[in-house]
Every structure is written in structure tokens, then in C-alpha cells.
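Two complexes are shown next, each including subunit A; its partner changes from subunit B in the first to subunit C in the second.
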Partner chain A sequence: MTAVTLAAPGAALRYAPPIEAELDHLAATLGAVPALAERYPLRWLAVQLLEGDEQLLAEAESLGGPAVTAALAASRERLAPHYGEDLDVALVDQRYRFVHALAGQALTRPAAPPLTLSDRIDQVVTHRWLGIPIFLALMWVVFKITTDVTAPFVDWIDATLSGPVSGWVAALLSAAGLGGSWVEALLVDGVIAGVGGVLVFVPVLLALYFALALLEDSGYMARAAFVMDRLMHALGLHGKSFLPMIVGFGCSVPAIYATRTLDSRRDRILTGLLVPFMSCSARLPVYVLIAAIFFPAHAGLVIFALYLTGIAVAIVIGMLLRRTLFRKQPPAPFVLELPPYRLPTLRGVWRQMWERTAAFVRKATTIILATSIVVWLLLAVPVRGEGRFADTPVEQSAFAAVAGAAAPIFAPLGFGAWETSGALLTGFVAKEVVVSTLGQTYAVAAAEEEAVTPTTFGEDLLGIAGGLVSATGEALRALPGVVGITLEAPEEETAPEGLAAAVQAGFEASSGGHGALAALAFLVFVLLYTPCMTAVAAARHEFGSRWMWVSIVGQFVVAWLVALLVFQGGRLLGG
Partner chain B sequence: MRELTIALAGNPNVGKSTVFNALTGLHQHVGNWPGKTVERKEGRLILGAHQITVVDLPGTYSLAARSLEEQIARDFIVRERPDAVVNVLDAANLERNLYLTAQLLEAEARLVLALNMADVAAARGLRLNPEALAAALGAPVVVMTASKGQGLAELKAALRDLVAASGRRAAAATLKEVAR
Partner chain C sequence: MLHQVLEALETATGPVSLDELSRQLKIEPGALEGMIAFWVRKGRLRSGVGGACGGACAHCGPQAGTCVFNAGGPRTIALVERTRSYPDR
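Right after this comes the complex of A and B.
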């Protein structure tokens, strides 16, 4: 390796003669201010002032007084005929020319630069026309994996929890002399139904985080940000904003913290306000449940459309915000490093899947357990009728009273029933609670109808193991469908039963016979409304109380308006 | 003996942290999450009789104070006036990296250029001409591959020369003061 030392005088960067003349003038004026001359190199300070550095301008004017202001104005005036409004651009441009010439001296490039594997992949993946279709195709694959491939495991966990596990708890309580008491009701209908209803989505999250980890670790995520830069600029955002946005598909909370990677406060806040419109994974359980009930044949398509709707709303809101609240602040330029592609390691991918899913489960067993119990208590306390504690009809409970009071707000959207408004209320605690609350409000009424065949512990274990094996088989058969190949004939639609039937009947009733449309409006509302309290707390931490309230109120209004558009618009179109 | 300060400046992902570790021997995590080096990192370097504080500045593409990182880097270079600035560059992306160099030059920093990742540049068929660069900038230029420990001795030697010259200048300045 070589080291070269030369004592030649620095070949300073020279600008065009008219600029140099003004730099000399300015440096002389600035040099007359001792406080400035002591603190800054004068020529450098003059360059910054001409380039329009507001912070230094304020400092120079406060220390140097009107003389500095006048000298700067005079210099700008004399330079205006040469460069017009674009003096700052001219300075940067001339600096780049200097750099280009310098690089030309210091570097000999090979006639035909050898392409690395990364370069060759990038030629396709970041291609002008192919880039965005490839990006969308990859997103499509991710969501097929999280819906179709995981579905058998979801069913398996659900069956295990609602069947054998609930049975064991009931048997244990009977042995302790508590059979049929409110304790059993609390454990089976509150704890197992609530937390269990969330745990069934662990396979969905594992799959989602698996896909995200692959995209991140391979280096594709940075390309996605690059490819999406043009779209991000349409939002008045930085291409880097796309990273938090993508993280937002997993969870809004880390996404809001990920806005720290952005350079300007304007970009951070604007991105932070738009992140919750990216449909987080906790909302996915709601989509999966409702879409499976109302649109069984097109569930994947409906869910994909919801994700796109979130993006579209973010685009519109972003443009509105840019022209209103953020009008005065221009966006920062886009610089993004594209790391070379790497093969993701199994260990790295597994660690991310595990840590993120474990964080979700921890949340499920603390916040959500508490909410489930509160909701169960509200359901257990009678406010009307003849019911006793833990033995009251749902429609006479305290929960129905609270939710019923809020229901009229949602009537124009087609889901003004207390069951759905109650679920939306608890959804503020965490979005996935919407599912467990729906499970409680609708299924509590239907629970008695199920006939239970007594089984032994051994039979239960065999049944659980057998269920896992067949779920794995089904998931493997669903894999080719991820890229659009269907090996099997589509399953015949089965009539929804239990919860599904109750939810369907509820939406039909509240919408005056437009159940599917109301369900769609409900899904759109869940997609867009006020983020969960954890995300709100993160927003407050990062951006302050004021922006937190903008997020809480603003998103509720946006969600209400868009859902109204879907329901009433759909009815006008004859849906 | 006067306490000397050297700053490390450069774009993100150019191996600046590796150079910092090699100079100071201080254990430090090397990562490339944006904003990772926002906090100020310091280490000690002994060069002959000199104790030198080495400050690792945040990785930036420019010195315009648009971001927190750029603000930190710029304020340090312009206001604290370190005795030398080691500008670490990715030799495989020289032109892009030289923009920061131009701004450092303009800020009247006393530069030492470290053209890092020379192995990657060589693999891409790039031929570096450090002599021409040194002549054009009037600053010492060291070619190195910090990840393999190559070029570190040369960097230290260049710094030692600079420190010696700075000592002579300081002495001359003191003499002038006294004479006055």
C-alpha cells in the first residue's frame, strides 16, 4: 500500500469568476465582525450564506448586523443576472464539476467495468419498467404465504384451543368443585377465548416476519425503497420513508421508531403520520376473519385490495398534508446506499421471526389478556333485565350499553350494531382484539348450541398431533398456489357456522340487507382508523402530544369518511 | 505537550468504524444502521510523544446541515477545528465520496485522505492514482484496506508527519506571540 505526501499548496476549489468576486466581497465584510472571524473560516462562511444556509444566515446577521444583510443582498443582486434563482444549484454544480475533474485525475476506470452479481441482479430488479411490477409481485407472494399457507395451522390451533384445552380447563375446575361457576365462565369465555383468539394468528405472523426477514437480509428492501422513490416523491416524501412504511406492514410501533432513519424532522413527522395507513399485521386477523365469512372465494384478493387501499389513502393524505400543514418545508434530497446482495442466513431469519413474534405474544398475554377480562366483566355485569353476574344475556350487559351508546356513529357506515362498535372500541387497545371481542360478543350467545362429545385426555392428544400432521400436509399443498399455480380444484364453499353465521347475520341486520357491503366498509374502517394505543404512545414519544392528537383524531375522521364512501357509494351503485 | 485532536469523517458505509477501531484499539460495534453513529465516539491514539484524541464523526454524504448527523459533523469540523481530519473514502465509489472531501477542503480542514476498500476497487478493475490526488489536493493520500489491516501503518505515518508539522507550526506561532 502506498502513502504519498506532498507539500504543494492546496488546489482550492474555485468557483466561476463572478461567484469568486462575491465570495471575496463577503469574506471581507464578514471578516470585519470579530465574533464571526474567530468562529468560522470566512470564505467557507461566505459560501454557505450564498448557498442559503438559514441557520448560519441568522447567526451571521445577529452577530454582524445590517452590514452583513446588505452585503449579502448586494452580492445576490449582482449574481442574479448570471444564475437567477438557482445560485445554490450553481454552487453545488460547480463543486460537482471540481469533484468530477478530481476523480478523473485520481482514477482510471477499466474500459468495460466487470459487472458483479449484485450489479446484474440490480439491472433487472431496479429496472425502470420492471422494478415496480417485481416489487408488487414479491408483495403478492408475501401475502399469499401469510394467508393461504398458514391457514391450516390457524385452524389447527383454533380447534385445539376451543376443543381439548377448553375441555381440560372445565374438567379441572369440575374436579375442584367449580364446574359451571363464574370462574369457569371467566377462564373459558374470557381468558381462553380472548387470548386464544389472538394466539391462533401466531402462524400468520411467523410467516409474515419470515418473508420480511428474507427481504431485509437479502438486501432487497433497500432496492424496494429505491424503486419506490418516484412514488415517495409524489407524496413529497424521501425514498427512505419507504422503509418505515414497509416496516409498518408488520407493526406501526417499530415503523414509527424507524422514522428516526430519516434526516429532516418534516420527513419524520409526515412519514410517522402516514405509517399507520400501512396495514399492520395485527389488522390482518380482522381481515382474515371477515373476508373468510363474506368473501370466501376471494379472501386473498379482498385482503390484497385492502393493503393497496391503505397505500392509496396514504398517498392522498400525504399530498394533502404536504400542501397544508407542511407547505413551507421542502423535501430533503434522496440518498440511499444499496448494499450488495447477500444470502440470508437461517439463523438471522429465525431470530427475527422469533423475536418479533415473541414480542407480539408477550403483548397478547398482557394488554390483550387485560382487555379480554375487562370486556368479559362488562359482559358479565347486568345493567338491564333479570340476569345475575356472569349469567346475563349479552344484550342486557354493561358492554352492550357502552357499545350501544357509540353505535349510532357507525350507522351511516352500515355497521351500527353494538357488537361491531364494541369490537372497534376495544380495537384501540390493540387491533387484533377486534377479533377476540367479535368472538365474545357474537359467540357468547351461540356457545350453548354446540354439543360436546366427551373424550379422554389420550384421545385429545392424539387428535391434536393428527391435526398438526394434516395441517402441515395442507400447507405444503397450498405452497404452489403462492405463485398462482393451483394443484387442486377449489374447495366447495361450506356454509359458515357458529361465529361466522352470527357475524354474517349481524352485518346483514345492521346494514338493512347489504351485509357484504357493510363488511367491506367495516374492513376499510379497521384498516384506516385510529392506531392502537401502543402506536399512539410511540407517536407521542417521537413527535410530541400535538402530532399524537392529529394522528388520533385525523385517522378516525379519514376512516369514517372512506368507509362512508364505500358503503353509501356501493349502495348507490346497486351493490 | 499540547493535546491534539483528530476527527474521522466520511460517507456512511466506508469502513470508518473499522479505521477508528484500528487506530484506537477501542472495541466498538461495526454496523450500518442509519444513524447508528450519531453519538460521539472517542478513542486514544499514541503517536510518538503525542497523545491524540480521535473523534469518530457520524457518516455523512455532505456537510450541508440538513440532518442531525451533518450538523454534528459540520459543527465539529468548523467550530472545534481538529488538528487533522482523516477523510475515509470508499475507493470503489471515489467520485461520490469526493464531494464530502471538496466540502471539507472548503471548510479549511487539514486533511489526510484514506482511500479505503482498495481491494474492492481493484476487483472492479479501478486503478487508483494517489499521487495525482495528493498533488491536486495538497494533502497526504493513503491507500488502504482497513478490513484486512492493510495501509494502517502508512496512515499512522502520515498522521505522525502531520502532527510533527503541526507541532512546528504551533512553536512558530508561539515564537511570533512572544516576539510581539
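Right after this comes the complex of A and C.
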């Protein structure tokens, strides 16, 4: 690159001699046009024209006529041997060099520039070795909050919906002469057990979205992406892949669309195939339900391990695909702007929690409600035995017949019962539906066992209010547990009741007495198979039908194999 | 100086932060921003927002609100794949 002459202290910018010569020629030509000479500094105008400013060129040509056009073309031609097509680059570069040199002479800089608070925090959180452990520790805190702290509220909503609310609906229907009818069964066993079974997890999602909003608004999420990108890059994957993957912690659908930020189609497809392995928030209710039944003392750890498994599987599959279907392209490095840390505002955090939770509730009242009704109808239609509509043993229903046909596929994984395979089939619509279907299929058996004590409306209201106060107290006492401080003696484990007992018995029966292992394999399967119909539609929209099918089949195969490894491997190890 | 920015990206062995690049090249962050903006205008670099859920997510129905980085993810700057020589280096 040609050196720039710096004429301090006047500090006039002089370009390289060939450019200066052409600037003089052009300025002379432009100076012959009074309209231009009066309006613009001629040297500045000459520089702009050489840089290719189209607006000024049009003006200069209209005012100066062919003489300006010819002079500019001649100057460009003479400069072409020196700069090729990069004349504008040379001009801009020489200006930057001039300013840089001038600033270097005029300013006294400290040997080491002072570090801002953000810089100091970044030295720790984006540290080559500390960055990933810090990311994992923060994830651990998030899952402790979402499981331990919210558990009392989940129990409270569950008790309210399955107790007083179901009782009020039954009482109202009895008053309307519909007591014991199929309408009551539809509302109680279909809508309340299905949609209500999902809505009980609103506190869990509120807590998750609260934690994500804090991490996002504080600026940490960008650091998490940076730290994980470094790992991905080291493993030969495209670094930018982890940005869509972080989005995938919220929802797979926007994460698939976020692959648009990747430059090449191959990278977009590869990342689109990996994104669904990241555990989206819709899967969390399934984890919380199953982990609370089978691993009540270690639910947070199990959920944390599931999230890590999702990341690990995505990385392993990504590396495999890089070495097979997607080889040839080396991963491209990139620059990431890390915004300064900010203190999250209450308003901002609340807005995010509200928007995301409202989206979850909307889904519960649309997709999940519709699926619950379809499942209830299929459960109400007898295909065997002598039952009638809405009065048939669930084992003889159309749903049991359909789900039972798919059950052998899952038998080697330890959960080959029709209830679980049915939940996985409907879970293709949306992951929350797994919970609602389990609630519907197992609720009947559970309800038959539960003896209901009649209560008045006032007693119900008092019970609900008392339950809320009690849940709040329990949640506050659980808070220190997030950082490992236990304020009270651990409660003795009690035998599960109702739905939990029915689910536990179901897994025990289908796994030959290895219920916990089967439950773990079931959770791994839920983590890894197709997230939902909308994600499938998004994959088809972005990558085409062929890749959509590759994604569906690939995820199913991976989910089946990893779940098999968990169940059969666990049995071999004596689990 | 302008080419140093491209070279730094071409030879990087992993993602770099904007501040790190500024320190590495000994270029003021403000000047570096200007240089990046120049190369983006020239089509040699691509600048985008990481999450990018906004517009695309109009189709994703109730899930749209669950998008992390909804308000805008970190900005990324990457090389546009292209081979060319630098005649004036």
C-alpha cells in the first residue's frame, strides 16, 4: 500500500502521487463549470467522483456535460494499473491511514487501555477455560429455579384444577341435568385433564422465561453464544450455528428461521437439522411431570442433564454430518459484537415473561385444546368389548387401538404401553400435548381410585387461598436451595398418588420393573424426536420437503437409538 | 488498514469479539466500525443480527413470543464467500 504523506502541523491529507495528479486534473476540469465550482469544494468533489458517488456523478454530468464524463473516465483509466477495481478502497484506506497516523501523533495513550466493567466481567465469563463452566453453572441455576422453586405452585394449580374446578364443573352440569353424561366426561376428562394438565406448568414456564429474560437483557446470552461458538468452531462446526441453537432453548420454530443468518445454504440446512435437538421450552412440562414422579429429589439435575444431552447430541450429530453429507466447507470465522452489560429492568423482564407465557397459554387454548378433544373422542369410542360411547374401558377405545399398534416400536425402550406411545404420537402436534395425553389416558384409572369428599363453594375458595399462601411459603423456603443452602430437613419421600401413581405403575409394568430407567429413556426420547408440527412446517418452508423428511426420520432414529442406549445400557449396568 | 480487517477475519481460528479485533488490529473501535461498514457496503462483509426471529417469525403462530433474542440478538459480521486478490497491498 502506498504511504500517505502527513504534513503536520497543518495536517493536510495528501493521497498517493498518482491519485493526487488525477485529483488535480479533475479539479481543474470541474472548476471550469461555474455551477459546480460555486456549489462544491472542487478537490472534495473530485474525490467523491473517483470513489463512485452516483448521485454527485449524475449532477456533475448534467451540469458539466461530456467534458466531465470524459475527464473522469480518463482519470480512472490512468489509475487502473495502480488500483484495479479497488480505487475507492485505496482512497478510503488512505484516509483511514492518515487519521490513524494523525491520532497517533496527537494523542498520548496509556500502554494498557483502561478496562470498563463490561471488559472485566468479559475477561471471566468469556474466558477460554472458565466460559463454558460458567455457562453450565448458570443453566444449572435456571433449572433449579424452574423445578424446585416453582414446584409448590405447580402442585397448587394442579390441586385447584383437579379438585375444586372439576367439582364446580361437575356440579354445574348436574344442576343442568347433565351429571354423569358424556358432556361431563368430555369437560372433566378431556378439557380439564388435558388442557388443565398443561396449564399447571405455567409457573414453570414463567420461571424459565424470567431467567431467560434476565440473561438476555443483561447481555449474557450474547456471551453464551460466543463461548459456545468457540467450542463449536473448535469441533469443526460453523461457529454461527450456536446462535440459532440458543434461540432453540425458547422454541425450535424461530430457531429454524434464525438459520437464515448463516451465509451458505449447506450451513443453514446443517444447523436446521441440529436445532430441534436443543430442548425447547415446550418440552419442559414433560420433564417436570416425569422427573417429579420418578426422581423427586433430583428433578433439577435430571432436567439439567437433559438440556446438556440435547447440546451434546447436536454437537455429535453435527460433527458426523460435517464429515459425511456436509464435508468440503471449512467453518468460517466471524466477528460478534458483545453489547455492554446492562441491569435488566423490571418492565423489560416482565414484558418478556408475559409475552412468552401468554403465547404458551394461547397454545393451550387452541392446539392443545383441539388435540385433547380429539384424544378424548378417540378414548370415548369403543372398538372392542361391549362398551358404549363415553362409557367404555380406555383399553378398549379407538385411541388405545391406534396407540397400541405403535407400542411395539417403543417396547425395547421400556415404554411400550399404549398410553405412552399414544402420548408420543400426539406429542408430534406439540410437546405439551404429551402431558395432556398422559393426563387423559392415566387420569381415568387414577380418578377411579380417588375418593372425593364433598365440599362447599366457600370451603373450596378458602382451600384455594390457603393453598396459595402455603405454596408461596414453600417456594420462598426453596429459594436458598438454588445455591445449595437447605433451610429445612428434607421431606420423607411419600408414595405417589393419583395420576403420578398411575404413570409410575404404567412405566413399571411396561419396563419389567425398571420404571425409573424407562422414564429416563422416555424423557430422552421426548428430548430428541420431532419438536412439533409447526417446526416441521418451518423446516419444509426453509429447506424443502426432502430435508424436512430427513429431519423427521433422522430425529426419530436418533431419539430411538439414544433412548435404547439409556434403557438397555442402564439395565446392563444393573439399573 | 482496510485490508487488515478482512485478513484478520480470514485468518481467525474461531469467533472473535469486536473489542478483541479492535485491540488485535490496534484500531479504535469507532474507526473499526467505519471500516466494517465500508466493507459491508462493498459486499465483502455481511452484517446481521444473531437471533433474527422478528420478521421470519410472523409465520410461527403462538410460538413467536417464545423466541429468545426476540428484541434483537448480538450483531455478527462475517466474510462473504469470494476469492479475489488485493492489487494494492
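Assume the second predicted complex is superposed on the first by the 457 of 575 C-alpha atoms of A that agree within 3 Å, B and C clash if a C-alpha of one lies under 4 Å from a C-alpha of the other, contacts with A are read in each partner's own complex, and residues count from 1 in each chain.
Heads up, the rule we're going with is that a residue touches a chain if its C-beta (ideal position, glycine included) is under 8 Å from a C-beta of that chain, and two chains touch if they have at least 3 such contacts.
Not measured: the values here are computed from a predicted model.
Q: Contacts for A:103 in the overlay, against subunit B (first) and subunit C (second): which applies, first, second, both or neither?
A: Touch status of A:103: both partners.
Q: If we overlay the two complexes on their shared chain A, which of subunit B and subunit C does A:51 touch? Say first, second, both or neither.
A: first
Q: For A:534 in the superposed arrangement: first (subunit B), second (subunit C), both or neither?
A: second
Q: Scan A:264 for contacts with subunit B and subunit C and give back first, second, both or neither.
A: both
Q: Of the partners subunit B and subunit C, which touch A:41 in the superposed model: first, second, both, neither?
A: first
Q: Kindly classify A:251 by the partners it touches after superposition: subunit B alone (first), subunit C alone (second), both, or neither?
A: second
Q: Now for A:323: first (subunit B), second (subunit C), both, or neither, which partner does it touch?
A: The answer is neither, since A:323 touches no partner chain.
Q: Regarding the shared-chain residue A:14, is it in contact with subunit B (first), subunit C (second), both, or neither?
A: In the superposition, A:14 contacts neither subunit B nor subunit C.
Q: Which partner, once the models are overlaid, touches more of subunit A's residues, subunit C or subunit B?
A: Partner with more touched residues of subunit A: C.
Q: Looking at A:339, would you say it contacts subunit B, subunit C, both, or neither? Reply first, second, both or neither.
A: both
Q: Output the subunit A positions appearing in both contact lists, the one against subunit B and the one against subunit C.
A: In the superposed arrangement, which is not itself an observed complex, subunit A uses residues 1-2, 96, 99-100, 103, 113, 240, 260-261, 263-264, 332, 335, 337, 339 for both subunit B and subunit C.
Q: Using the touch rule from the top, collect the residues of subunit A that touch subunit B in their complex.
A: Where subunit A meets subunit B, its residues are 1-13, 39-41, 43-44, 47, 51, 53, 55-56, 95-96, 98-100, 102-103, 105-110, 113-114, 116, 240, 260-261, 263-264, 332, 335, 337, 339.
Q: What part of subunit A is in contact with subunit C in the complex they form?
A: 1-2, 82-84, 86, 88-90, 92-93, 96-97, 99-100, 103, 113, 119, 122, 126, 209, 212, 216, 221-222, 225-226, 229-230, 233-234, 239-240, 243, 246-247, 249-251, 253-254, 257-258, 260-261, 263-264, 280-282, 332-339, 352, 355-356, 358-360, 362-363, 366-367, 534, 538, 541
Q: Can you tell me which positions in subunit C touch subunit A when the two form their complex?
A: For this pair, the touching residues of subunit C are 1-3, 9, 12-19, 21, 23, 27-28, 31, 34-36, 38, 42, 46, 48-53, 56-57, 59-71, 73-81, 86-89.
Q: Sort out for me which residues of subunit B touch subunit A in the complex.
A: 12-13, 32-35, 61, 64-70, 78-79, 94-95, 98-99, 101-103, 105-108, 118, 123-145, 150-151, 154-155, 157-158, 161
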